[in-house]
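Next come two complexes, and both contain chain A; in the first it sits with chain B, in the second with chain C.
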Partner chain A sequence: MPEKFDVIVVGAGPSGTSCAYKCAKAGLKVLQIERGEYPGSKNVMGGVLYRKQMEAVIPEFWKDAPVERAIVEQRAWMLDKNSMVTTSVKNNDWEKEPCNNYTILRAKFDQWFANKAVEAGSLLINETVVLECIVEDGKVVGVRTDRPDGDVYADVVVLADGVNSLLAKKLGYHNELKPEEVALTVMEVLNLPKNVINDRFNVTDNQGVTIELFGDATKGNLGTAFIYTNKESLNLGVGTTLSSMIKAKMKPYELIEYVKNHPMVRPFIEGAESAEYLAHLIPEGGFYSMPKLYGNGVLLVGDAAQMVNGIHREGSNMAMASGTLAAETIIAAKEKGDYSEETLSSYKTAILDSFIGQDLKKYKDANHTFEEQPQYFKDYIPMINRAASSFLTVDGTSKRDKQKEAIKTFTKEKGTFTVVKDLYRAWKVMK
Partner chain B sequence: MHIVVCVKQVPDTRIIKVNPKTNTLDRRGIPAILNPFDSHAVEAGVRLKEKYGGSVSVVSMGPPNAVKMIRKCVEIGADEGYLISDRFFAGADTLATSYALYKAFEKMLEEKPVDIIICGKQTIDGDTGQVGPGIARRLDIPPITNVIEIKEVDEKARKVIVKRKLEDGYEMIESSMPCLLTVEKDINPVSYSPLPNMIRAARYEPTIWKVDDLNDVDKKQLGLKGSPTIVAKMFAPPKLEGGKKIEGNAEQQSREIVSLLLEKPELFEKKRGGA
Partner chain C sequence: MEGDEIKMEEKKNAQTIEEKQYLIRFKADTESHLHVLSHDVCIEKCPDKLCTIFCPAEVYKWEDIRMHVGYEGCHECGSCRIGCPHENIKWEYPKGGHGIVFRLG
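Moving on, here comes the complex of A and B:
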């Protein structure tokens, strides 16, 4: 007779591990199954770890977790071909513990995190693929793996199997993802000596910088590029919705080369040695793409539940928070001895009440609007660049005339009415 | 029947680099794995157990984190794992390693007899293939190297029949039991482990012995102190240059090879068996 657990968690990313950790801490019998050689071996993200939600799982984690740098500066670049308009917020208080956010390398961090769950009593199995949930009488009762004698049972199964959740699809919880619901991101880890990074980004050893690049970084398509600083490397990546890539006939590897060779980017990565090349899908469909979150004996967390805030590039924090909420639901279900759909429905309520539900609702129309209205990335960013450049080019024109000239850059090309309409539309979806 | 397999944790040399300046191995971030030859050895042990009954133990000398590698052996199907781990063992060459493992065997033999010892042909970090025969010599049992098949085990008659791979053919030999076999990868592929093994391995805690847990150990024979091997120089082997690809049909190719060989009479001057 195969063994039975209280909880089986499929996947060892931030959502799955948060859930496994919390359940194991509460004394539940937990089995976590990961398909990669080790947790983190198949996971990709830009690299910003949000302190708050991580701290909710493991207090004072920064004291022994493999974090890279504390982020003290967040820059945003609106790129044109040979110019850019930038904003930056820098605050050295963010370096004081507890820091605001950290950069991390997932291969290292996920291993560390999963090991914390193991220390808490969860069993971790790597290199094992879960093929499907075992369903009996309409209830998920376990999982079937690709190994011989591969069935294993549990009261509840948590699907933390990532963006393309095959298990949720097999249960009929969500359909095949549409190209406009996912972003395809490619990323390189570029090795550079510590002091070179410190000089180029104007930081000290433990301080980090994030740069988000808009506009020409994606050749005007909906998406972003990013540069994040690790201790002795940079994470440089770029992604757009899959639909934009298809429409613009862009190849991801060409796009990342384009970013690396951009005149505004090149000086930052000069001399760097490419150490890793990664690619991944990111769920960007937001609120409308969220699948059914619970069922009889099953819960969905993290990317599998499409919980990503594309506008603020937040995902790992939502993953951890959803994993934690799932664990709380399971612990309460265990006390009741009831894992029915009705009992587990409290998970959905908790998600919608949390910042996950609130934020995804707030931006529910943002991605769709920007996808359908390409002018924001394609037209306005170059216009802002032209306006700002002409305003600051000293050529004997009076400042008053310069102002007029700058404003005309927008109204002449688009017409006052269109500009006001676009501004209103942007405000509406972001408000 | 009690089968014991000797295993070692090694750096994954498929991705290891040699630092060109210092000529030492750059081990930064290189994962530690179960020596690939040893995984075939463990599998061979597990298959013997399935055929004849009994149990499989693995034994290793290594750092405390080698526990992970022992768990890998449990995934393959080993029943028990023993790790000898102590700073006294550090820096050992093959002589000192075989002495330490021999002492571990003595300790294991207090619990139950050992019928067959299996080792991988060699490790991928040292490539010497000396530790297995060294253990056999110390235990005074026959070492049989380059085994590619275990034909038969007769527990009653205390005999095994195995097939060896030689440079110029195969050899079938019979040996008394207990004996020590070092096996080639050809002996058997490593199966995809069943799920219950994976779960058992995730829970498994091997027995760890420090030097003082072993009996009558002569510490002078351990670790760096007990190692007469001197590493005179380390270098990355130069890349082979030249070479020629011979094309055409079978007849043309063999003609060309023969004529190329005839151009080099020095190849045929040395007596066979020199190297």
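Moving on, here comes the complex of A and C:
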């Protein structure tokens, strides 16, 4: 008779490990299965870890975890070819514990985190692919792995298998993703000495900066580029919806070179040594792309449930929060001795009531609006650059005329009515 | 500091896809986890050979009459499965413990 667990968690990223950790802490018998050589070996993210949701899993984790820098400044750049208009919020309080958020390197962090779950009593098996869920009488009762005699059973299976979630698709919870529902993102880790990073980003040893780049960073396509500071390296990446990548016939590795060589970016990375190149998909479909979240004996968490807020580049926090809510649902189900679809349905309610459901609902129309209305990235960002640059170019024109000129930059090219309509539309999807 | 700058000049900035791929550790399986279902579909229905453009690792290369699949350098991102306009790519994960091994990001 094969071994039986209370819970099997498929995947050892932030969502799966949050769930495994919480369940193990509650005394449940947990098996976590990871397909990579070690947790994190298949995982990629820009690098922002949100303290609040991580702390809910492991209090004061920062004292022990491999975090890079505490983020004290968040910059946004609207890029044109040879200019930019920027905003920044810097707050040194974000460096005081408990910090707002941190940069991390996932291969290091995920190993540390999964090991915490192991210390809590969870059993971790690496280098094992789950091929499918075992379904008996309409109930998920375990998983079939690619190991010899690889069937394992449990009362509940948690699918934390990432953006592609082949397992959820096999269960019929999910249709195949469409190119406009995912962002193809590539990233390089660029080594630079600590003091050079400090000088170029105007920070001290433990302070970090995030920069999000819009406009010319994606050649006007729907997406962003980013530069995040680690202790002794930068994570520089760029991504657009896969549909934009296809439409514009862009090669991702050429696009990242375009960003690296952009006159506004280049001075920041001058002399850096490339340490790693990584590609990954980000689920960007939002609320409408969320699959069925629960079934008889099964729950979906994290990227597998498409829980990413693309507008605020939040994902790892939603992963951790969903893993935690899944664990709470499972612990309650264990007490009841009932893992039916009806009992597990409280997970969906909890998700929708939490910031995950609320935020994904808030921006539910944002992604496809910007996908269908490319003018925001393609036209308006260059226009803002032209208007601001012309306003600040001292050439003997009176300030009143400068003002008129700046406004005309928009109304002449687009017409007043179109500008007002576009502003209203943007407000509507972001409000 | 001037001395620092000179040392930094010697560091390697990976520019081409070949240089980028060279930075990564792969534990390649002996068989491919990616399969083009029909090369005829590529020939007859796909003049742009889109996968050869958007694949972030240049896994797909068109060779006159067939698609060459360099699965050994795959990042397992899933773009080709989703982005192939003819759903002509069968996509699985490599065997447990195989494929790409990220060390950092």
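Here, the second predicted complex is superposed on the first by the 431 of 431 C-alpha atoms of A that agree within 3 Å, B and C clash if a C-alpha of one lies under 4 Å from a C-alpha of the other, contacts with A are read in each partner's own complex, and residues count from 1 in each chain.
Just so we're on the same page, contacts are C-beta pairs under 8 Å (C-beta built on N, C-alpha and C of every residue); 3 or more make two chains touch, one makes a residue touch a chain.
Just so it is clear, the model here is predicted, and its values are computed rather than measured.
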item	value
First, second, both or neither for A:288, with chain B first and chain C second	neither
Partner chain(s) touched by A:128 [first = chain B, second = chain C, both, neither]	both
Contacts of A:3 with chain B and chain C, given as first, second, both or neither	first
First (chain B), second (chain C), both or neither touched by A:280	second
Partner chain in contact with A:253 - chain B first, chain C second, else both or neither	second
First, second, both or neither for A:149, with chain B first and chain C second	first
First (chain B), second (chain C), both or neither touched by A:31	first
Chain B versus chain C, judged by how many residues of chain A each one touches	C
Footprint overlap on chain A, where chain B in one structure and chain C in the other make contact	128, 145-147
Contacting residues of chain A [partner chain C, same complex]	35-37, 40-45, 47, 105-108, 126-129, 145-147, 163-164, 166, 176-179, 182, 184, 186-189, 191-193, 195-196, 233, 235, 242, 245-246, 249-253, 257, 260, 270-281
Chain B to chain A touching residues, read off their complex	191-196, 198-199, 202-203
Chain A-facing residues of chain C, complex	4-5, 8-9, 11-17, 19-21, 23-24, 27, 48, 50, 53-54, 56-58, 75-79, 81-83, 87, 92-97, 99-105
In the complex with chain B, residue positions of chain A that touch it	2-3, 31, 123-125, 128, 145-152
